[in-house]
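Several structures are given next for inspection.
Both complexes shown next keep chain A, but they swap its partner, so chain B is in the first and chain C is in the second.
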Partner chain A sequence: MSALAPPAAGAPAAVRDRPAPRLRRPKPARSPWLHVAMVPVTLLWLSPIVFVLFVAIRSYDDIAGRGLGAFPASFSLDGFATALTEGGVLRSLGNSVLVTVCAVVASLALSSFAAYALSRFDIPFRRTILLTMLAGNLLPPQILLVPVSSITEAIGIGDTLTALVVVQVGFGIGFYTFVLHGFMRSLPNEVFEAARLDGAGPGGIFWRIVLPLSRPSLAALAALATTWIFNDLIWAMTVLRTEAKFPITAALLNLQGGFASAWNVVAAGALIAAVPTAIVFFLFQKQFVSGLLVGANK
Partner chain B sequence: MSKRTTTYKRALTRRELLAGGMTLGAASLLAACVGTTSGGSGGGGGGTSSGLITLQNSIQDADPKAALEALVKAYPGGDVTMNSVATEQFRAQLTNYLRSGDSPEVLSWYAGSVARSYAEEGLLLDVSSLWEGDGACAGYSDALRSLSSDAAGKQIFVPTSYYWWSVFYKKSAFEKWGVEPPTTWDEFHALCENLSGQGIVPLTNGLSSTPWMASGWFDYLDLRINGAQYHRELLAGEHAFNDPEVVAVMEEYKRLIPYFDKNAASYTAQDAATPVAQDKSAMYLVGAFVSGYFPEDQRDDLDFFSVPVINDSVPTAEEAPTDGFFAAARSDNHQGALDLLSYLASADSQQQYIEQSKSSNLPTSPDVDTTSFSPLVQKGIELLNNTEEITQFFNRDSSDALQATADTALTKFLAQPDSMKSILDEWQTAAEGVFAS
Partner chain C sequence: MSAQPSTATRRPNRFARVPLLVWAFLLVPLVVELFWVFWPAANSFSLALTRWDGIGLAEPVGLQNFRDLAADPIFLTALQNNVIWVLGFGGLSVVGGLALAVTLNKPGPMVSIYRSAIYLPMVVSLAVSGLFWRVMYAPDGPINGTLGLLGLEHLERQWLADPTVALWAVLIAAVWRQVGYIMVLYLAGLKGTDGSLEEAAAVDGANAWQRFWRIVMPQLRGVNMVVFAVTVIDSLRTFDIVWAMTRGGPYNETQLLSTYMFQQAFTTGNLGYASAIAVVIFALAIGFIITYLARQARTED
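Then we have the complex of A and B:
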């Protein structure tokens, strides 16, 4: 409370000095204490990124001679150049974007079909189906690595990006369906009755009513799914073995050396790899926040 | 009323547009997705059947990787797809690679018991044709031949390079401090005392994410006190880790603990070289790959001496981990694999690889002209030529599973040297579990 006192005391004085006092008093100035507290916290949160940036712009000899934690005494963009050319960061970014876009679109399309059917139609055992789909998500991926690896091998799509998309879709679809099911069930019945009176069939209702109304939850899920799939490493390493098909996460791992790592290259690669997720985050900020609340207000 | 209808209409078209756009976008994206991936897999599939060769390797350090890439690109026998995978991932995936239906033709890995265990499962191609007549490996030393053979005496591995372990230091730093490399074990201790007195940390090590570095000193002390024969038997499970022989090794290790950098537990193997580069720390028992840890202008300043003799009744021994390639038994291009191995093992290829990789690797082929190599590498060749016994390293002479028990035991020992006896008992129990499985 005492923190608020100085601006509150200052405000009437400012009002009195004005030649024509207005009826509405100006808004009391916001307390500066929020910023005083948040600026150091923000800097603390940013410090790892600044550290990585410092490493990325140093030359290898500077890092080797003075240690990883020292302040930069050299400036070189060699790290970025090496990461982009020899490290194959660009190629693997392309793979990552391709896999992410395909997997997000496919999994949201399929799970919105499933959620529509499960939420609006009287399908026998629909609760069981939904819970079974969700139960798949409760299994830790680690215990599925060997089966997934041999199944993709057996059906002849091992070591392809298709396999990675299929695995990502299969693994994500349970959760997306569950969330969309909750959302679609809460849509008011009257809308559907009105549509049916207007002669819309189940397909028409889905395209013209359910999908547009589900846009907020679809956007939230798309934002979350994009970061999850883009940042995935474990499935990529399980399914793929050709270096040219590696997504960015696996390629970053490859930048590290067996005995000696060129830390400037690794750091530069990591910064480049973070750019797409950062863009997605800034574009979908609102959806991210609502995405965190997805399922909280069924 | 009419106004209402128009808004309704407009809203409807907007929705239709949205839905249509979404379908169109989704369809084209999916099509693009399927198109590209099937194209990619078609290329890969066609590759293996038309005689293309895949080389799966775990060579990660920038210069050696570039050297191998250049070598593979110049391969006259056809196109080779080279896949580099981070070493730890490679280790985890290796069984998958070898078991898969269309496994890569040639894979990089380690000689010795590791390769042998894959051969026992029938996963490796018999490469003994390269070791006979005028094959690329026919002239290799007998030590390498036995290292590359499976239990039945067939060769299943093609060694292409190896490196040595030693105590590395900077010549300029030793000059500055007025000290000389020691020749006896007592001199070594005196040197450590002297350096400590000058405020310099005598020994560095990096044990945080590379705890196996602690095994370097264990191996060397065991080789110097009990000899290479005992060391091999110990790692094969024929002796116990709580035997009096091992206790003697640990007593000697304990004497060294005060000389180690206090931060060793928080350094990685790479970080640990920085104090040496800055002349804050003097010596580092490490593999020759250490040259890559130093700034380029300090690499010519590096020198090394072998860990001095402790017990002169045992034969001299050095650690020289051997790297190379093997071929998968389940690949569909056996001839292509043998041809590529032959190319990689040839003296010319080894020479080119060692010169370009800038690392301190030694050739396995006796026909390589070594006169153009750096003085450090020449000295390394001499070291290994003059030693009576060669071992590899703890994990390569035993298994990754036994290495894990050593990491646990030695990390604990370095933190609490006084509970050495109970740590050795625990180590033996853990090792018995590894040998039983």
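Then we have the complex of A and C:
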């Protein structure tokens, strides 16, 4: 994990190497002011989520009668039921999960191939290739939208989930390769020498040594990629036309059109859309945070 | 960098030393990216010089699209909004994220609850964040309700339908989601700073403000660079949250370059004109992309 979240490069080495002044580190002050300031900020920060939850569990009549901002005076799961069935949230959630799983697995597989080749072999221009790949991921997606849309049509995968998966993989690969390259490069040479003496070829070394050792960085990237791909809107809107194929983000915006006054349905749909990534976040909080740091904090 | 065995008979050809399988490992992902990223990007540049409705043949028009853009009031509004967005969204999330990181850069069970709460919005997609905030901003929603309770009825308004405040209303929602990310970056940066320097300065009589600006900030230079580049690149890409909240309305007052580009491409069907807007977005972003890449290249050494 250390290669994923290295200490900030900001501190100049000279400063860090200077012997620390002989001072007792002061005990952290138990000041109440921190909590006085942070409790309201935290509540304010959570308030949009809390209010959406309130709206989602209220009945339509309650909302219509007392306004969106009122505290709940009713409890009803109608919003969830309507969103999941009539609103098509269940179907679009299925599309999202399918696209996310396929795209995450394919992106990480392909980028670990590339990262292995670039980090452990004497490929000519390896640095240029690596940075070019990263650059591709940094491009504003807008510069790709129109051609990507016509390419998917031209090769006959227009308006399919396959197109969405392929596009997500193509766009993400550069970043994942860059991060995995940084990690694989730091693996100790001795392991590779030992494996080579045992007669393992490049494929065997990749499969039996590099992949297992890269598990921490793969996990961090998987957590990050899952939220990115699941949360995507613009690629879905670019390659898909049929509503039945929409992932949850795009479907929700349509839901908002179709159930314009039924706020409990829209709120319930929005909460359902947030649940899968919230689960990933809580289960893999450490990986998620280190995932956020990769690439950004080198 | 070399895990390569030093072969006794050193072959002159570098290509030959890389096994065929490894070439395949590299080329398959590379070709996928070239085909789905670099090839379309190149196409956008040539499409920007055409008029094309997506059905017939693209008709070359030279730089006419760019001349039209310069005279297009909606484009100019979008450009101006994007500048506001970079400064407002970038500024507020960096200041907020940095302040929270400094405040929460200490251990403690409560502190980790605060941190989790601040970066929880990161898991909610931008599109869904937009829906959350539509609830907040609804005419009879919590924000107007709270203002009413506080006796500030005169501040109540139709946040997303009022051209004077709509852009800022969307911007606040975007900041809500971004601050946690910036905070995480700065928390990691602060972990790498040298606490003893700060203590020494404290002993010398520097107050907290001076210690922060003179001792801590210079050590955060690396993080600052990254945050700066990431923020600008993100600002120029921003699409989802605006689309979810206003679609660029009312009267194009919240139009950003990305939303206007999307509208021109997929609602109006002016694919050449849309590509020209995309080229403008690219031109604005490329400097920051290079900054970011240069920094990453240095750490690759």
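FYI, the second predicted complex is superposed on the first by the 246 of 298 C-alpha atoms of A that agree within 3 Å, B and C clash if a C-alpha of one lies under 4 Å from a C-alpha of the other, contacts with A are read in each partner's own complex, and residues count from 1 in each chain.
We adopt the following convention: contacts are C-beta pairs under 8 Å (C-beta built on N, C-alpha and C of every residue); 3 or more make two chains touch, one makes a residue touch a chain.
Keep in mind it's a predicted model, so treat the numbers as computed, not measured.
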* **Touching partner for A:L253 - first (chain B), second (chain C), both, neither** => both
* Classify the contacts of A:R208 with the two partner chains as first (chain B alone), second (chain C alone), both, or neither. => first
* After superposition on the shared chain, which partner residues are touched by A:L161: those of chain B (first), chain C (second), both, or neither? -> first
* Asked: When the two structures are overlaid on chain A, which partner does A:L98 contact: first (chain B), second (chain C), both, or neither?
  -> first
* **Winner by number of chain A residues touched, once chain B and chain C are compared** => C
* **Which of chain B and chain C A:L68 touches, first, second, both or neither** => both
* After lining up the shared chain so the two structures overlap, which partner does A:M237 touch, if you call chain B first and chain C second: first, second, both or neither? -> both
* Just chain B (first), just chain C (second), both, or neither: which does A:D198 touch? -> neither
* **Touching partner for A:K245 - first (chain B), second (chain C), both, neither** => first
* Asked: Same chain A residues contacting chain B and chain C, which ones?
  -> 67-68, 149, 237, 250, 253, 256
* Parts of chain A lying in touch with chain C, wherever the complex brings them together -> 5, 7-12, 15-16, 20-21, 23, 25-26, 28, 34-35, 37-38, 41-42, 45-49, 51-52, 55, 67-70, 110-111, 113-114, 116-124, 127, 129-131, 133-151, 166-167, 169-171, 173-174, 177-178, 182, 185, 189, 192-193, 196, 201-203, 206, 227, 230-234, 237-238, 249-250, 252-253, 256, 263, 266-267, 269-270, 273-274, 277-278, 280-281, 285, 288-289, 292-293, 295-298
* Asked: In the complex of these two chains, what residues of chain B are touching chain A?
  -> 12, 15-16, 18-19, 22, 25-26, 29-30, 32-34, 36-38, 40-41, 44, 54, 56, 58-62, 66, 81-87, 89, 93, 96-97, 100-101, 104, 269-271, 273-274, 277-278, 287, 289, 292-298
* Asked: In the complex formed with chain B, which residues of chain A make contact?
  -> 60-62, 64-68, 82, 86, 98, 101-102, 105-106, 109, 149, 153, 157-162, 165, 207-208, 211-212, 237, 241-245, 250, 253-254, 256-262, 265
* Which residues, counting only chain C, touch chain A once they are in their complex? -> 1-5, 14-15, 17-19, 21-23, 25-26, 28-30, 32-33, 35-41, 43-44, 47, 54, 100, 103-104, 106-108, 110-111, 113-114, 116-129, 131-136, 138, 140-146, 176, 181, 184-185, 188-197, 199-200, 203, 219-224, 226-227, 230, 233, 236-237, 239-240, 243-244, 257-258, 261-262, 265-266, 271, 274-275, 277-279, 281-282, 285, 289, 292-293, 295-297, 299-300
